[in-house]
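In the two assemblies presented below, chain A is common to both, partnered first by chain B and then by chain C.
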Partner chain A sequence: MIRKVSGAKQIAAIIKKDIIAELRTKEMVVSMFLFVLLVMVAFKYAFGDSESFSDYAGGLLWIAFLFTALLGLNRSFVHEKDEGCLEGLLLAPVDRPNIFFGKMAGNFMFISIVEIITVPIYMILFKLSIEGSIALFISAIVLSNIGISTVGTLLSTVSINTKMRDMLLPLIFLPVILPVLAAAVVSTGGIMAGVAGEKLANVFSAMKLLIAYDILFLLVAYALYDFVIGE
Partner chain B sequence: MEKATKLLFAIAAVLLLTGLALAFLVAPQIVIQKDGKDVSIFSQKIFYFHAPIAETSLVAFVIGAIFGALFLARKERKYDFLSFASVELGFVFGALVMWTGDIWTRSEWGTWWEWEPRLTTYLILMLLYSGYFVLRSAVSEESSKARLSAAYSVIAAVTVPFTFFAIRLIPSVHPIVFDSSGAKMEHSMLAAFLVSMFGMTVLYVAFLLLRYQTLLAGEEVDYLKNKLGG
Partner chain C sequence: MTKATELLEKEKNEKDPARIPEVEVNNLTKTFGKRKVLDKISFELEKGGFLSLFGPNGAGKTTLIKIITTLIAPTSGEIRVSGMNPMKNSAAIRAKVGLISHSPLLYLDLNAEENLRFYGAMYSVHNLDERIDELLDQVELGHRRYDLVRTYSKGMTQRLAIARALLHKPSILFLDEPHSGLDPHAVDIFENLLDSIRAEHTFIMITHNIERGLALCSKAMILYNGQIVFYQDKEELDIDMFKSIYQQRVKGDS
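Our next item is the complex of A and B:
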């Protein structure tokens, strides 16, 4: 007799699987971390000793994060496909949207871990500081990460099912994620500079946009995942 | 070409030519005060074509997404064809928006490109839908091609309003013709604009039907080829 496992347990099982695989290989977090450090070294060469670096600090941070996330997102499904694990997941009595939520939570976690380590290093390397509220800064990053992992998981499932595989992901992921990039840059940049008044209102409208984006794309992913992952 | 399509093309031609005549012969030349002198702005005439094309391209993308969603719900081949045809047309109209916009930008602002919200939005929109065509060409199996591109057409359409608002976190210099108080133009100008807009929409529907028929014919040809064993 097959016992129906609850949705939360299904999601938890997929997250657990991803964590165990990551702990064994340490592939995703380590390569993402090294990549983001290398990008920051490249910033140093691009900007030299420029005084105005702090004006662009928010934007550059998100460019680094976005490309780093792209690296990890590709990995997360190439793995599943190559080892035949995706077929296993599809055959298992798991609801399709729960596969999405499990994978998305895993990606969210790995991206967040890399960012938690990277942000302080970035601050130290470029002599930056957060003038505004730290809680607000963290919530802006968390909201952006939810958007990145939601759209990233959905679209990496699309790209893995094509001939181009990981070549396709940047082409479809970057234009869809652009609103998140813009809102993340405006909000984190504003908070780092400690803006007040009208500019602070802009920070809040950017964060509202992030919340709306996250909610809507979670719904879209929930509705579409069944079609995207394959028959 | 079916009779209905031919008729639609004829209606579109009449409307667009009327719009052209109204724009250049009837609608008054815009005159503004500059350094105490009256300066007439001829370049404003492009608005009668630029704005209707922009509106049509957005309509085409939205209709593409609706047909995409219908395909996912009903799994009927015709919805995939209609969705693909509509996105394709949206892309063509989008390219025309950027082209006509560019001509205006050059004559009015003196530069070919300005990182202005509406221009930027359209650039991103074009990149977004370029991804649609790359995705389509990257899947060889017909049913997954239809399924994945239908899903992407929905995702892309959901992204558009967010792009629109996200870009506006930075202030704009693009002229705003319509706001909450209504249209800021004279009646004859509004007439020229509306005729043009209606004509452009009819042209879109005509092209959509034509493209749909060619896609159906293409499928028929493939079927016949297979039957012959080629």
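Our next item is the complex of A and C:
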């Protein structure tokens, strides 16, 4: 009855299950979307049509995205905790890193969907444009999202079994994600402003940092997830 | 020599060297911080056996099941499941065990078929479509297969949980208070299912229902404060002694 268990199929099944549940409840994407929209409207009132806004555009965008992602990450294991499903998952012959990659991919997707919708709104709202390469801009966002969803999934697994999980995740997530925040701001801000020369080199350095950070934390998660999700 | 130790000695002497017990636990201890939840537990369960596990809340029953099913690691002691060490063969053991507990372990925002399909992928179940049809018919939920689990009654949810637990045809079934919250119809379906699979499975059942537990079991055990205070074969079961210990330890604590 039992065949050799396919890790790829298990990861795909976890992603599919999360997508179906999200399509039914819409609780993660909708709450993230409303939150980021609210933050952008608040920025609009705070900064108005300030001409120097483009200098801060990258930073403000990522502050909004980071807290939005945090909101979603806090919800990402809720379905798993409902009715003991996490125990059901752990009881199956699933390699623990496969659970991580499935959950991380789902989080990456939901965060990216919200960003795909809200980046154009941000641009229109603040009359911004991407002066540099759009492909580079998308790459910087994708790399930042990988970092956020990798660290976020790992740390939300840590916090899920604690009583103060809603409070604990921001406390442990924000300090660890600071390098991603800094690199995301430098890279996307620079690309939006269409920088050249030495400043463009800074953009590439920031993107290299994002790649290194993503690889490091994917390896950390792969190595530690068995321990993190266990007892 | 205690009754439990006598039984273990007897089992060891009578054991066919070729026969490996389905579950073998030796001097199992589990501590959480300074609290000792299980204290040098030892027992064996033969293939096809049915162990009914009684004890008050906090006796360590669920912890024992979690350790045997590889969900948590023991502090010390040795466990073998089908001759395999959970620390070294956890995936192989997990493929052989199923759990029916008072929590259904089902996703409320998925329907019955989606839940079974998800767990089928986790266990790589062969001929999954046929297996899902067969199980949903057995638990009489075929007509509700596309309804969200959230809309099910407690009894229906538990029946689906039974289908989930049997999906990968486990050889060892762990039942953690399986009758809890079931309506009489669900109890009938559950017991009929249990009868139909009884021969080819080994069972360990946690229950507070003495009549059901003793009727089903081949061995009965009472855990109290992490220790075995009663452990006997059903054929040799001293019912007065069982009831006396149960009244004294379990009822006394509740």
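Criterion: the second predicted complex is superposed on the first by the 227 of 231 C-alpha atoms of A that agree within 3 Å, B and C clash if a C-alpha of one lies under 4 Å from a C-alpha of the other, contacts with A are read in each partner's own complex, and residues count from 1 in each chain.
Here is the rule we use: a residue touches a chain if its C-beta (ideal position, glycine included) is under 8 Å from a C-beta of that chain, and two chains touch if they have at least 3 such contacts.
Everything numeric here is computed off the predicted structure, so don't read it as measured data.
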Chain B versus chain C as contact partner of A:Gly230, first or second or both or neither: both
Chain B versus chain C as contact partner of A:Glu131, first or second or both or neither: neither
Touched partner set for A:Asn161, first chain B, second chain C, both or neither: first
First (chain B), second (chain C), both or neither touched by A:Asn202: first
Touching partner for A:Asp95 - first (chain B), second (chain C), both, neither: second
Partner chain(s) touched by A:Pro175 [first = chain B, second = chain C, both, neither]: first
Touched partner set for A:Ala13, first chain B, second chain C, both or neither: second
On chain A, positions contacted by chain B and by chain C: 230-231
Complex contacts: residues of chain A adjacent to chain C: 1-6, 9-10, 12-13, 16-17, 20-21, 24-25, 79, 82-85, 87-95, 230-231
For the chain C and chain A complex, residues of the former touching the latter: 69, 71-73, 91-92, 94-95, 97, 99, 101, 103-110, 114, 117-119, 121-126, 148, 164, 168-169
Interface residues, chain A side, partner chain B - complex: 151, 154-155, 158-159, 161-164, 168, 171-172, 174-176, 178-180, 182-183, 186, 202, 205-206, 209, 212-213, 216-217, 220, 224, 227-228, 230-231
Interfacial residue positions of chain B with respect to chain A in the complex: 72, 124, 127-128, 130-131, 134-135, 138-140, 143-144, 147-148, 150-152, 154-156, 158-159, 162-163, 165-167, 169
